[in-house]
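A, B, C, D, E and F are the chain letters, set down in written order, and residue numbers restart from 1 in every chain.
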Amino acid sequence: MARPVMMFTGQWADLKLDEMAKAMRDFGFDGLELACWGDHFEVDKANAEADYCEKKREQLEKYDLQCLAISAHLVGQAVCDIIDERHKSILPPYVWGDGDPAGVNARAADEMKATARAAQKFGVDVVNGFTGSSIWHLLYSFPPVQPKMIDDGFQLFADRWNPILDVFGECGVKFALEVHPTEIAFDLYSAERALDAVGGREEFGFNFDPSHLLWQGVDPVEFIRAFPDRIYNVHIKDAIVTLNGKTGILGSHIDFGDHRRGWNFRSPGHGGVNFEEIIRALNDIGYAGPLSIEWEDSGMDRMHGAEESCQFVRDMDFAPSNVAFDAAFDKEKQ
Amino acid sequence: MARPVMMFTGQWADLKLDEMAKAMRDFGFDGLELACWGDHFEVDKANAEADYCEKKREQLEKYDLQCLAISAHLVGQAVCDIIDERHKSILPPYVWGDGDPAGVNARAADEMKATARAAQKFGVDVVNGFTGSSIWHLLYSFPPVQPKMIDDGFQLFADRWNPILDVFGECGVKFALEVHPTEIAFDLYSAERALDAVGGREEFGFNFDPSHLLWQGVDPVEFIRAFPDRIYNVHIKDAIVTLNGKTGILGSHIDFGDHRRGWNFRSPGHGGVNFEEIIRALNDIGYAGPLSIEWEDSGMDRMHGAEESCQFVRDMDFAPSNVAFDAAFDKEKQ
Amino acid sequence: MARPVMMFTGQWADLKLDEMAKAMRDFGFDGLELACWGDHFEVDKANAEADYCEKKREQLEKYDLQCLAISAHLVGQAVCDIIDERHKSILPPYVWGDGDPAGVNARAADEMKATARAAQKFGVDVVNGFTGSSIWHLLYSFPPVQPKMIDDGFQLFADRWNPILDVFGECGVKFALEVHPTEIAFDLYSAERALDAVGGREEFGFNFDPSHLLWQGVDPVEFIRAFPDRIYNVHIKDAIVTLNGKTGILGSHIDFGDHRRGWNFRSPGHGGVNFEEIIRALNDIGYAGPLSIEWEDSGMDRMHGAEESCQFVRDMDFAPSNVAFDAAFDKEKQ
Amino acid sequence: MARPVMMFTGQWADLKLDEMAKAMRDFGFDGLELACWGDHFEVDKANAEADYCEKKREQLEKYDLQCLAISAHLVGQAVCDIIDERHKSILPPYVWGDGDPAGVNARAADEMKATARAAQKFGVDVVNGFTGSSIWHLLYSFPPVQPKMIDDGFQLFADRWNPILDVFGECGVKFALEVHPTEIAFDLYSAERALDAVGGREEFGFNFDPSHLLWQGVDPVEFIRAFPDRIYNVHIKDAIVTLNGKTGILGSHIDFGDHRRGWNFRSPGHGGVNFEEIIRALNDIGYAGPLSIEWEDSGMDRMHGAEESCQFVRDMDFAPSNVAFDAAFDKEKQ
Amino acid sequence: MARPVMMFTGQWADLKLDEMAKAMRDFGFDGLELACWGDHFEVDKANAEADYCEKKREQLEKYDLQCLAISAHLVGQAVCDIIDERHKSILPPYVWGDGDPAGVNARAADEMKATARAAQKFGVDVVNGFTGSSIWHLLYSFPPVQPKMIDDGFQLFADRWNPILDVFGECGVKFALEVHPTEIAFDLYSAERALDAVGGREEFGFNFDPSHLLWQGVDPVEFIRAFPDRIYNVHIKDAIVTLNGKTGILGSHIDFGDHRRGWNFRSPGHGGVNFEEIIRALNDIGYAGPLSIEWEDSGMDRMHGAEESCQFVRDMDFAPSNVAFDAAFDKEKQ
Amino acid sequence: MARPVMMFTGQWADLKLDEMAKAMRDFGFDGLELACWGDHFEVDKANAEADYCEKKREQLEKYDLQCLAISAHLVGQAVCDIIDERHKSILPPYVWGDGDPAGVNARAADEMKATARAAQKFGVDVVNGFTGSSIWHLLYSFPPVQPKMIDDGFQLFADRWNPILDVFGECGVKFALEVHPTEIAFDLYSAERALDAVGGREEFGFNFDPSHLLWQGVDPVEFIRAFPDRIYNVHIKDAIVTLNGKTGILGSHIDFGDHRRGWNFRSPGHGGVNFEEIIRALNDIGYAGPLSIEWEDSGMDRMHGAEESCQFVRDMDFAPSNVAFDAAFDKEKQ
């Protein structure tokens, strides 16, 4: 189908955008999904400087790279999360401020509104990101969690995000939540509930990323079938389940990449995701947006992986059929 | 092997002990693993009243029931947990107090010491229970969790439990952590790390419960093989994985018992636990303690289940061999 | 749950009802699901003779057997089928008549109306049966089948069965189609379409029989989840898939029972049906009707099988829970 | 082994042969397996026009394409089938005639004889095709099918095809039945019985196509092992089983390509067929004929698929070994 | 089918027969398959003493126990084996003699002839046993094994056993080889070759024991299907494959019973053998002989196991059907 | 990681080294692992002729081929084996001598010492090879094998190999046993025991070859995890398990390559070995040596296979990561 093949820059923000863009161009990518951190895409400047967006486009065009969506995972995370020391390292100083939790939540929400406005200026229709969650720590119901505590978590999500989504609506931009652990939605049924919590409003949809579903045992294809009109962006990321009797699916408080974990992320094609069926499902729902690689594999050199995965995605993408096969047997059509 | 078959009373504390004991006697149980809540086993009274323990024994003997271990899951949970509103409902008022987190942690630690003393008075060698965990909410490493944060969590566990375990040591009683989500150890590798954190001291071991390992993908038999000298008590509890493409292993913030969850607890024999191999492994390590049913199945009448599972455990237990089979072929031994 | 355990008499019509009933009573059954063939339940006499139904009840009561549903598979088959020589052997002479296809279809439809009336007289709420299908032979789309041919088949089903279902409605009786190859509905999606074809009218539901779904690869539990308010009767029948590389799922035109087939029917518990999950799903939807064994196993003596399966069904049935397990941890409820 | 890689033109008959041949040449094919419909290979003209075959060869040679077999599936289907409206659209007018079933059967048989003669003239040794079946609709034995009805179906097949095969024998051409649903043979055991029905005569063999066996659960390799001397042609076609609990293997009267079906055809390498083992089995039996792609995938652009699959087949084919490995260890052979 | 349930006494020869028989009677067995070692069945005395066989029968009848076959595994092993120190401990002194290999082979062959004569006197039709093998050590072909070395091994088997089988023929007794590692036949294809080696003579058949096939990956049912007329005795013995990534199927030179082995024997029903399908296959071939438990489970008390397995075998055995199920639908048969 | 891709010449010794080297160069190999048989690497000449090693290097360099290890499987086999006629064909005449077993064992041991010296001269650090085993024929413990017999086998291995390993130590060369059936170590636990037998001395390690582990059910990755500091060389060889119910894992005394065997060797990528996980494990342990293809596939032309597998190995090898992924989220590192 010749969907554009992009690299999401989130895991490359230690590199300057120029360096990163040059490498990706050389590997054959069609474009980048810019992260709103590092110097990749700076929301504050995009809104403050009249020509920031234009110059950013020029910077990309120098490498023949498109940008169809930007990503604001880090700030989005701080909207609903219970803030702690971990957030300081992922937030811009002006969002972290004095680190007072309520203030951080509020400033993060403001920054997300600003991100919608920057996206509009930059000319992209989709902002990918996280929402955070005030109830993630209640995941396992012990000490017993009363249903109302969960209800409250989804309500707080709606209360904090509806005003943000209003701005997205004004800007004609959509917010695509990457369904992911620690977010308000991390699997199929919690995605259903999150969508319900905001009344199914159109500004809210999903950045489909099969890697987070795979190890939870959720079939990524079922996710696409469940939300055919809410797949606003697609991440190509792979994961593998490495249960062997000793490892556990919850990961044992062990860092990513260690073989004693029950699962790990993998370069696309090196894990358990069935991309064939995903492409077919995306064809079925008419998804025509980018296929954006989020590259993360603690066991592989990332330059090797970036190059290899660009080719992998090109090879796996194909257009749907436009013929009915029986027609060829029908003499009237011969 | 005729290990005694017990019922853990934790899920029956809404019933008075007499009522509960009578029913279990009728179902054929050999004894009860008394929970330290409800009127089942009251730590404060056991220490304060000279004849509490004696009367409790008489109460059990009236129904021909033994008691070989008591359980203190609820108070133990509050030792390391970050305290919130959920803990109020599971703690005795004198432990909860004013609910100030640091105070609750401290009083819970004191109560655990008192529990060791009560166990000694009551004449049981093992107290089962939980430890709580200050790092459970960091389970999924996003926002990125620095290794030091995990290290600190295990250190805090050691700092809070070592003084408690000292008292256990003095009393000649062992503490058996039920390896379980939300505890400092919830799978094989975290159990290894928890044991290391307290220097492998003998007072600290495990209440082996396969149900919590099964759905995480950990083979319960591997757990026994890994800690052959630390299995201080055994819970017979079953669970089933019900992944079908839409359900997720993390449970989607959905209550136990709902078929949209990726796993659920089950009455023993109705789930996925391979008890045959567990009995063989317990035989291998020489475990001669009780097989204590922790009955929980949101889809079955609990009286039906209690009766059925008592018989199930009797049927599945067997003694190891004491012959070498080739001996019968050897004419000198004929 | 103490649902009544019945034997469906369809495969025993070579025996007189008295003989059959006596054996089933001795095996421990609670009742019979009478087939409308042999001398088990004669629709013509039930309508014509004032005391037929009363005498039939007395005949059953002599053996302490209930009857909660009757079954009219054979005549129902002839309503939509394209009639051929096979139908002669399964129809009463007065329905077969001269064997002219259109006449047979019409008389079969009339007989189904008569069956509803007889059921009302006999005091049962459910008639189980087949519908036949005019499009079964189009199952595999070669020579290419135009969608309209399938549409026409479902329309013909609706046209022929709506007048019958009108009579069922008048009589306060429901028709429960056993979803089965050669019927208008043989799997989940065709059942959905059949239900749509008759506008979802309440008189039309299903006799749930997992054996026919199993070998097609349909999870019987998914069927229950899909039609929770349309399970009007339950057949306990088992089947096994015996694919070994040489056998085929379509059965190779080989008779039932031959090991060269890719699947076969089995006595309950001897095949691949997961009755545990079925009972749980039936509990979830609140099904309180009979569990009716349809016994068929070409490799087992049927008397052995009948006795064994009665016990099997009693053992597998259980009531759902009426407690919330966390309640026992809550000190306010202790 | 460098077996020639062909494209079967059956599903491309909506294109003129020139257009089709040009595309296939560009994709790298060695040749075409011409369908006897459209303008690809016209049996009537081949017999009537002295230079038809020569010109057809020239037409192919223009594109450097060979032709080693022709295919007559559509007319063959009408030899044994019970004729209905579907056949009209797949038959040449001169075979359909007035559509009277007996007449259609007879004219189809005559056309098959003519096809053998045309094949001889065209210089190919194999005609692939279907046989039809008068008993396909009896596949599931309800209403009960008497064994004699099946016997009669195989006898009718023999009675109608033996005279046709006599002509094949005279012409030195073989008929290769594509074992396929709706044919007299659709799996391994029915193929065995069909071969027996014609006395194992050499003119009758099989066009091996793994796709039809796969979803029935028959291992394609077992088919090759069962009939090592009867594999007269090989179709490379793939299929996938997509059972997910709701879909059924019989396809629910739903069109090919819909994801609610329990299986579908796939471009080679995109399904479940294990071509590696097939190549090894073909090497074992010494099959040296063409590998002919029958391309059908309702979810993929056919031009993309044709090109991709040509390369796929080239990559998967390899020659068998001609050394004994231990020889290299033997010092006398060094 | 009420096949008699026997205990094979081979693994109980450390017990006197009286003691053993009493225990087995109490456990519910119908009879014993007497081992020709210990005092269970002494071939030399049976031939030498006029009343030995009669007294042995009386001894068994005292416990209501039948004997339908005797077993001569140990001596049979020495017929073809390359003799080493291991054989001394399993052979009677008069067979071992001076231990000179050729002499041992010859005396073992004589003893097998004597066993046939003793069986005839004792009134049993079947002698179970081993054959030994001169080529077992060549199992893995390195250093490279020339085909002739294998041919020679089967020829030697035929040369040594044909004279023995002649005596079996004279006595009207059959020899049933237990297909087993270290024997001339240890799986399906080697059994086929062994049978060929003795020209398929009727005196030679098999003692079917599924446990030895299971861990080799051979489906025991396929063995029954392959040799339907050569199943002369049936051993009920179970085994389990315990591969976990570290264990190996060859057993690592580790003793039976150790969990580090890749497989082990198990009490019937505690392993991986599918006895259901075995019973059905035995019903299909009309096997009406005994079901003889060979009990060996290094992880279970043998008295517990013997009692439990007797009941297990009774429960699993059932008679085949004698009705055609469709008959009940046929009004002429009602 | 750009590990060098080598071809092991053992299976090509029927070809002169020049011919073989030329072909491998053309296929793209980086080097050869020379076998110490044929004219590939002659130990006697290497020690006797001053310039043999230098000329051998020149011969290789002519084809741009490296050599990092030599292999002495055949002579090594004769060190511990019980010698029989098979060894004659694999040994140099000066090792075989008069074929007297003790003499052969002794001369083979001497030759292994000579091989270490030759390796030193030739400038390679590793000699791969076999050890033979005096207890392989005792693999299956019947007639019962006493533990002492196994102990003796490992002791004999130590007694014979320690003096050899002393010479290896002197030469600064390591011996890498290819863990393989018929050797003292053939799976994970026997490898552990062999290593213990020689006191874990550093001169003794393993030539990791996954093909021999796979069919035994041992996960090759577990082997690497078990011996991270003893992987001295790596063979890339594949195998496939072809159990189908009739075939057996022990191979039925049937030659390699026959489809009636339960497993066979395969060209890399055509079997069941998961090379992806092997590369990751090798990366984890820091293995930086060669990836040496041992090519053996009875069903494929070896020239085709050699070429294809060289590319396969290049494609599958990759370097590990040197970044921490979370770093990119950390604003301090951006």
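Keep this in mind: a contact is a pair of C-beta atoms (placed from the backbone, for glycine too) under 8 Å apart; a residue touches a chain by one contact, two chains touch by 3 or more.
To keep track of the chains, here are their UniProt names: A, B, C, D, E, F = Inosose dehydratase.
Here the structure is a predicted model, which means the values were calculated and not measured.
Chains that touch both subunit A and subunit D: B, C, E, F. Note: the chain lying farthest from subunit D is B, by mean C-alpha position.
Although subunit A and subunit F carry the same sequence, what matters here is overlap: shared residue numbers make up under half of all numbers found at their interface.
Looking at B-D and A-B, the interface holding more C-beta pairs in contact is that of A-B. When the contact pairs of A-D are matched by residue number against A-C, A-F or D-E, more than half turn up again in A-F. With centres computed as the average of Cα coordinates, no chain lies farther from subunit C than F.
For this pair, subunit B with subunit F, the centres built from the Cα atoms lie 49 Å apart.
One inter-chain figure worth recording: subunit E and subunit F are separated by 40 Å, centre to centre, where each centre is the mean of the chain's CA atoms.
Residue numbers of subunit D whose C-beta contacts span two or more other chains: 74, 89-90, 141, 143-144, 219, 244-245, 256, 329-330. Chain contacts in this assembly form a complete graph, since each chain touches every other chain.
The residues of subunit E lying in touch with subunit A in their complex are 244-245. Subunit D meets subunit C in the complex at residues 74, 77, 81, 86-87, 89-90, 135-147, 149-150, 153, 180-182, 186-190, 193, 213, 215-219, 221-222, 226, 241, 243, 245-256, 260, 262. Those residues of subunit D whose C-beta lies close enough to touch subunit F in the complex are 219, 225, 276, 280-281, 283-284, 318-323, 325, 327-334.
On the side of subunit D, the complex with subunit E involves touching residues 141, 143-144, 326, 329-330. Across the interface of their complex, subunit B is touched by residues 10-14, 37-39, 74, 89-93, 244, 256-257, 259, 270, 296-302, 304-305 of subunit E.
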